[in-house]
Amino acid sequence: MTKISFIGLGHMGNPMANNLLKAGFDVKVFDIVPAAVQTLTSKGAKAATSLQDAATDADVIITMLQTGEQVSKTCLAEDGIFPHVKKGTLYIDSSSIDIVTTKSLHNIANTSGIKMLDAPVSGGVAGAEAGTLTLMVGGEENNFNAAKPILEKIGKKIVYAGAAGAGQAAKICNNLLLGISMIGVCEAFNLAKKLGLAPEKFYEISSNASGQCWSMTSYCPVPGIVSTAPSNQNYQPGFMAKMMLKDLRLGQHAAESVAASIPLGAEAAELYSLFVEQGFGEKDFSGIIEWLGGRKF
Amino acid sequence: MTKISFIGLGHMGNPMANNLLKAGFDVKVFDIVPAAVQTLTSKGAKAATSLQDAATDADVIITMLQTGEQVSKTCLAEDGIFPHVKKGTLYIDSSSIDIVTTKSLHNIANTSGIKMLDAPVSGGVAGAEAGTLTLMVGGEENNFNAAKPILEKIGKKIVYAGAAGAGQAAKICNNLLLGISMIGVCEAFNLAKKLGLAPEKFYEISSNASGQCWSMTSYCPVPGIVSTAPSNQNYQPGFMAKMMLKDLRLGQHAAESVAASIPLGAEAAELYSLFVEQGFGEKDFSGIIEWLGGRKF
Amino acid sequence: MTKISFIGLGHMGNPMANNLLKAGFDVKVFDIVPAAVQTLTSKGAKAATSLQDAATDADVIITMLQTGEQVSKTCLAEDGIFPHVKKGTLYIDSSSIDIVTTKSLHNIANTSGIKMLDAPVSGGVAGAEAGTLTLMVGGEENNFNAAKPILEKIGKKIVYAGAAGAGQAAKICNNLLLGISMIGVCEAFNLAKKLGLAPEKFYEISSNASGQCWSMTSYCPVPGIVSTAPSNQNYQPGFMAKMMLKDLRLGQHAAESVAASIPLGAEAAELYSLFVEQGFGEKDFSGIIEWLGGRKF
Amino acid sequence: MTKISFIGLGHMGNPMANNLLKAGFDVKVFDIVPAAVQTLTSKGAKAATSLQDAATDADVIITMLQTGEQVSKTCLAEDGIFPHVKKGTLYIDSSSIDIVTTKSLHNIANTSGIKMLDAPVSGGVAGAEAGTLTLMVGGEENNFNAAKPILEKIGKKIVYAGAAGAGQAAKICNNLLLGISMIGVCEAFNLAKKLGLAPEKFYEISSNASGQCWSMTSYCPVPGIVSTAPSNQNYQPGFMAKMMLKDLRLGQHAAESVAASIPLGAEAAELYSLFVEQGFGEKDFSGIIEWLGGRKF
């Protein structure tokens, strides 16, 4: 049976590892927080005693961490993954990290005989629990094909994005656009309201016209329009503003690394930065509509 | 039979008036350009000899002009519409103009016994010719109901937006969002491409995810993806960049008039302003992708 | 003796009129607020009973109002200034208003035999009281020369800026730059502080280097550095944020009227708009440093 | 006699090393470009055969490189500086690099018994040749005092900015402000011109008012006003736009590293990014006035 080591058992990693366990894989888990490990060993996972232990005889290793720096250390440290895996091990990084780090790790993996994929996810904690995440995957296509049966236990939609780094690129570019269009939707609704145009009426018109976008029709920042949207729960996340800021910063790094210009992306990042800095980082990212509109939560 | 006077026979007004003619109305037309009048008299319209003549015994008057200033003069000049219409005339302004002017005209119309509607359109020249425009209508609802059978000969979708000015508000807010999301889509595609992510692949992923928007899925600024988009015709409009700039400026005026903050809207306006100022005002507004990407047309 | 009518006796107009009175001119005053008139009649001014009365036999008329619309009405209404002045009257508008309105009034004045100057001021209430304002004057140079002896009683520095509208243009462009550079200074100090670089040290370095600007060296937004700056009085104005917003909006209107692109100006306007909308409009404009830095007043 | 090793002999490093040579120091030089080395050996410098050779018996080591990555490698590689210097060596990095890298190097130096200073310069190639650079220095104050007699041969103004990284912080914050205020000055002059206000007149007014800043009064982007400014030489640098972009990017990194918001800084970076991407990176940074104004070089 395929032996999977899963490293990083936070809000996202925990349910993802659990879904692999439920699918019948032989799962070994590692996290620096012992309690996170226990919730999974109590369900049948093995506990790795160290990164090295997690790496040693796994067929597949999956990481779900916060930052590129964490992923880099986890892979490259003396007691990390890369120095201790078997040749031919499949390594899947599902963290959302920067392009430069992921490409650099792909290169090192390649020269070390490790089969790496970058496979960031979207869908949030709810999607992780339900196993309905979308995974955007970069790396060699035959590695993608090998990984697919495993990834299908974690997510519902597994998309091959292209060569090394293409998974991260897809997520970064999508979320760049998401951050911009969410603020655009907020500005439009705020303006409509002040002009005396009812939000429901503006929704009816614009959602059927050229203003239509996911931020409006699936995640409307005005309450009372899209029932599943966090706006109806006083902007309880959902997708925290500080996580959107993180992704927009990744967009800026990516743009800088390839000399692309993203002026609205940069401004969206700064608006989220002000919102977060002024104390609203743990609100849902659609909550910026209140701040932009000069209202209080 | 209902007598309609149609004033302003440009690229949009001409086919709109023609559709009313085809629908069997008694149409009198006026424009300062004689040739524009002749194309319609040759199809059966009557020619008004002056604004006053157009106003005098019409049941319904429709204007389709460029600016709030033009509409204001056409209505309020001594030899303009308002001083010469019958009481109870229905006056429909389909121009896209600023909120302050339209509200002021509604007030004057109201005290003069004129039934005014603001009814800006979207759908472009193609929509005007095919009679498939969307009309967003502001004013009293019974006036809207009276106008609807006429407007249905001009457009396919006739939406009641609310009180006086709500039609302009709807168009302004929608196009504010459109301008922002188009630039967002352009930035995302430009970045994806430079990161080595194929546009088709990014489209496949993002159009099914949280980046989805009309600018991407109905009007994709990258050629080869949405067949009807101007990007496939080297950005021949379509909807000219300078017209988008006009609409974004209307958004800024509207925001200022009600003390709303629209930071991305303001930045989108400035980017279109640079694009127009550098010589690309008559390109389709999606063509800004080339300029943002440092490429040449 | 030269008869001067002064219209608009607010925070600025009152001390300006008073300085003319102290200089020995025959001053008639008008304001819609009776109390404002009384403070000056008690010092020897005559009270005009109406705009028409203020206009009728004045040699010089000065207006100091809030908006272009007010100035327009004051000049053009049936009972306003222009219909009732003598030919050859010198009309000086010291309000800060938009370019389009001022140019339009100059044209009308010209055809009516009225000698108009636009002469906005800078220097605030303190400068108005001390008679140390700067006046930027647009209009015909011989009119400027005729007005100069009067203006020198109001301000210390009387600059001829050029043809009709040039005074407003000078003030608008200067304050556009001021708004941008103030935010720039705030961003630089906020970043320096978070990086562990003491504000005094950054001031010492940058004020002697290429970052030097008036916003830093004469009006430092960090307290304890420039003793006369409002930052030392918890951002009591000084120059209110909402007035800076007004001037930045004038900049946007001016830019739009001549198809100029001012991207940082537009963004500065939106940042002040957010600041004002969130409740800080009556703080000094340098107080935006607190808001940008995520701090509370 | 103090033995100084100087590493990095580009446009800036070459004249800096030469000034040390002229001051009588025993200078050993290293660069990966042999020709750069030869221009200095012909003047009396010794050539280092490797980084290790440059490091081995120096009393002082100075680096003048392009990027944080280069500095990092030069210091930390197996054949780099840090593994091969004597204890107590003074290491001065005059490159302009990011805060995170410089702080990390300070930490490593500290634990290795190396006395590090960050000492970025301003003043350009002309200042490097004339020995009139400004140096902003971070690190321990006694190390600063030890370095000062050497640095005074390179620059005219040697400022102690504070603890490790404070030199880089000072330069980054200053240039952030410089980039913003230069664009602000450009926008103001472009708008003034289109409004019919002569540049000389606007300069006269604003340089004596609240718009005054170094970008205007020492480096005016309009030709014919400040004789030494690159605008008079068709924007031959001076300070290249691509170098300003680099510094603004350092500002963004710094801001991100400490959670500061710099909205105008971000927008200024994007405007320079568009300017550079569209082919003008080697123009002086003040040349952006032409691009912002829709003109051609």
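Letters A, B, C and D mark the chains in the order given here, with residues in each chain numbered from 1 onward.
Here is the rule we go by: a contact is a pair of C-beta atoms (placed from the backbone, for glycine too) under 8 Å apart; a residue touches a chain by one contact, two chains touch by 3 or more.
Predicted, not measured: the structure shown is a model, and the values here were computed from it.
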Practice task
Count the C-beta pairs in contact for B-D and for A-D, then report the pair with the higher count.
Solution key: A-D
Fill in the blank from the handout: When centres are defined as mean Cα positions, the distance from chain A to chain B in whole Å is 39
Fill in the blank from the handout: Chain-centre distance (mean CA atoms) for chain B and chain D, in whole Å, is 51
Handout entry: Between chain A and chain D, centroid-to-centroid distance (C-alpha), Å
Key = 37
Practice task
Indicate the residues of chain A shared as contacts by at least two other chains.
Solution key: 255, 259-263, 267, 271, 274, 277, 292-294
Handout entry: Chain contact graph, described as a line, ring, star, complete graph or other shape
Key = complete
Practice task
Flag every residue of chain D that touches chain B in the complex, lowest number first.
Solution key: 267, 274, 277-279, 291-294
Exercise for the section: Report the residues of chain D in contact with chain C in the complex, numbered from low to high. Expected result: 99, 122, 134, 136, 157, 159, 161-163, 165-166, 169-170, 172-178, 180-181, 183-185, 187-192, 194-198, 201-202, 204-206, 208-216, 218-219, 251, 254-255, 258-265, 267-268, 271, 292-294
Completion exercise
In the complex, the residues of chain A that touch chain D are 249, 252, 255-256, 259-263, 266-267, 269-271, 273-274, 276-277
